[in-house]
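For reference, chains read A, B and C in written order, and residue numbers begin at 1 within each chain.
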Amino acid sequence: MKLERLVRLDRRIIYLLIAVGTLLPILWRIGFPVSPTPPVQALFARLETLGPGDIVLASFDYGPTTAPEITPMARAVLRHCFERRIRVVAIALFPLGGVTMGGEVLGEMAAEYPALRDGEDYVYLGYKDGTQAAMKLMGASFASVFPFSNAGVPVEEIPLMQQVRNYADIDLVVSFSTNVIGEWWANLVNAQFGVPVAVGTTAVWAPKHFAFLDSGQILGLLGGLKGASEYEHLLVAAYPRLEPLYERAGVYTAMKGMDAQTVDHAIIMLFILIGNAAHFWMRRRESARRPG
Amino acid sequence: MFWKLRLPLILTFLVGCVPVVTFFLAERVPGVSIVPTTVERYMVIIAGFALLLGVVNVVQGSVRRIAQRRPGWPFAISLLAGLLVMGSFGVLSALRVGPFQGLLAGPRGEVTPFLWMTRHFFDPLQAAIFSLLAFYIASAAFRAFRVRNLEAALLIIAAFLVMLGRTPLGEYIFRWAPGGERWLPGLTDWFMAVPNTAAQRGVIIGAALGAASLSLRVILGIERSYLGAKER
Amino acid sequence: MRATVFLFAGAAFLAGARALGQGDRPGTGQSPAGAGAPLALFLLFSFLVIFFIVRSRRGHELFIRRIPGIQAMEEAVGRATELGKKVLYLPGGGKLEDNQTIASLAVLRHVASLSARHATDLAVLNKDPLTFAAARETVQEAYLQAGRPDLYHDEVVTYVTYDQFAFTGAVAGYMVREKPAANFFIGDYQAEALLLAETGQATGAIQIAGTAEVTQLPFFAVVCDYTLMGEELYAAGAYLSREPAMLGSIKGQDFTKAALILYLIAGIVLEVLGVHWLRDFMSIQ
């Protein structure tokens, strides 16, 4: 009787344990270590080769629903850029909240570097609809797609944008994306214009991007919260002065989020093992009872 | 018959040929790539009008539900209230009437009413529904991941590998061995880069060909389900 | 004989497309890239599809393998009829111009026709407004052709909302309140896939899913009773109609896939031998 109950365990027990497993590590940090993987190291290494004369195009292609996974990686990459004085042109191509995400994250990161100037060291061009069409048109001219910055300044009056005509003037594109937009950067922009592309995306979409990583169409991939935590780890290891920013109480980071994810994974695996053990035991008992 | 069937089919053929032709002519004929972009913009405008149709349907259904006191009718009141409040906030913000100065934050970072509603109602509600995934994946895994046959066993082994390798647990398990902390994550990376990629590519190629076949059927007027008509 | 003709035609296409497709990309200063491979593939694919459509219209029988998910649709509607409960159909979250949505509408016609014939209540909940309009036409037409226009009313096909998770919450609530006996999730799904499928599973419904979204297929495959994967979804409309032209297009796409497999094998062999022509031809950078 107990085995049947175990095999058909009330799902609310599972939900309760998952809730506890998510909440407790957030309240009391465990601090699991993080080891970077090659796809993340590849992006980090590429940014380490860039400096004050270089320009990165950061595309905010996600909305509030995936912000817990993607915002930490966006922050880490922008911090990396600003630490190395790499200039950043930021855009948003995701219609449902992309422009808000871009504005908020860029604003927060820029505020940590008061010596950097808007329009010279970074600029936010805002949102453009028609994702693929916008990507293709930027190959000819950025100004034709973004005639004004998000603040309403004509691009010809922005010092940074006077040096950016098209993709030929961009050293790296980093797309923070949910769903298929990251793929489009790989198989439209990299394939047709040759500009290096890296993608930071959710854990659900990351497996699909491995094909592009393998073929060289993207040079680096940050997959989900794990990818974000690995990048944060690399950043703090290379720039120790940033460590207090990631250790601040009350601030959400990917490394902190990984504690909860690790505990939840452990709970799920435990339940799978329990379910299978009970299932096997029941089958053995039934075959033992069967006559002959 | 002409207006309901033939004209839409003719338009479908002409408009359907546009992206195909412009893809191959974009380099040789400057400016031709503006055509699909313009068509996409028309679609956004048409979708805006269709959204109105959907909103009317929602309002009609909700009013009917309230009038007839069907089960769950109080929820229809909250739906209409939300629609009215958020909709009016959006329209007033777009028109910049009174305190409703835009949809996003102001030039000095001040929060507009629409943005306040988005941050305090819309975003938390979205996050709440999305977060149910964590619970559902656990219950789905518990119920479905049973070793009933060889394929199910392989599925579970792969799931365990990835779940362990994608978290610090995978590093802890073999930490005692020299270089052991990279064994499981390394195996996971190989798994994602090789078998997973191969399988994904196969499905993507098949799906892409299926989509191309369907597109060709639509362009040639063989597939007419989108018109509500029977296919030829 | 036929295989030889195809091989020669294929080689001719490759050579011709390679010659036509070379060219610089103006204005970018990027390295030259050609449209040879896409053009060749497009021509080959179109030729094969049209060839088999013509062939099937001339009366040649075309074999399409059994697809369990499609076979189970009648069983699902029948189950709902026996239990006196509804059939719930969701055409996905994609726009009307998405291929998955068009494929879903073809399946919707079949499900609506079954529902009309069995006099079973059908509910079609929509996320996209244009899809809602098209779904309404499709269902009305299906009921009319089944001879039961009297069973159709405005609340069979309804619009919910455009927002992904608001739609998911509304549909989940609908499933828990109405407890439909059969759920169809056919179309483009994103993160809502597991939320909807698991909620439906909790209500005890038989569930048939179909999507080409690779990231959501695992969730549907694990939770639903039947899943149409990728091209099976696109083939569903043709499979259900048994129209010669539709079946011919499936055959054409299958032969294109066969040609691609041969190309891959040839490419691997040539790469091992140090000949890079095929690989370079397929490279579009």
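Following the convention adopted for this analysis, contacts are C-beta pairs under 8 Å (C-beta built on N, C-alpha and C of every residue); 3 or more make two chains touch, one makes a residue touch a chain.
Computed from a prediction, not measured in an experiment: that's the story for all the values here.
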Query: Whose Cα centre is nearest the centre of all Cα atoms in view?
result: B
Message: Once every inter-chain C-beta contact is counted, which two chains account for the most?
response: B-C
Query: In whole angstrom, what separates the CA-based centres of chain A and chain B?
result: 18
- line: Chain-centre distance (mean CA atoms) for chain A and chain C, in whole Å, is 30
Query: Could you say which residues in chain B touch two or more other chains, in rising order?
result: 126, 130, 137, 139, 141, 143, 145, 200, 204
Field: Overlap residues in chain A, where contacts from two or more other chains coincide
entry: 11, 65, 207-208
Field: Residue list for chain C, restricted to those that touch at least two other chains
entry: 25, 163-165, 191, 214
Residues of chain A defined as touching chain C within the complex: 11, 65, 96, 139-141, 166-168, 179, 190-194, 204-205, 207-208
Task: Name, in rising order, each residue of chain A that touches chain B in their complex.
output: 9, 11, 14-15, 17-19, 22, 32-35, 37-39, 64-65, 68, 99-100, 103, 107, 129-130, 133, 136-137, 151, 203, 206-208, 210-211, 213-214, 224, 226, 258, 261-262, 264-269, 271-272, 275-276, 279-280
- request: Within their complex, state which residues of chain B touch chain A.
  value: 26, 33, 36-37, 40-41, 44, 104-105, 107, 109, 115, 122-123, 126-127, 130, 134-135, 137-139, 141-143, 145-147, 156, 159-160, 163-164, 166-169, 171-172, 181-182, 185, 189, 192-193, 196-197, 200-201, 204
Field: Residues of chain B touching chain C in the complex
entry: 20, 23-24, 27-28, 30, 43, 46-47, 50-55, 57-58, 60-61, 71-72, 75, 125-126, 129-130, 132-133, 136-137, 139-141, 143-145, 200, 203-207, 209-218, 222-223, 225-232
Task: In the complex, go through chain C and note every residue touching chain A.
output: 25, 27-31, 33, 163-165, 190-191, 202, 214-215, 284-285
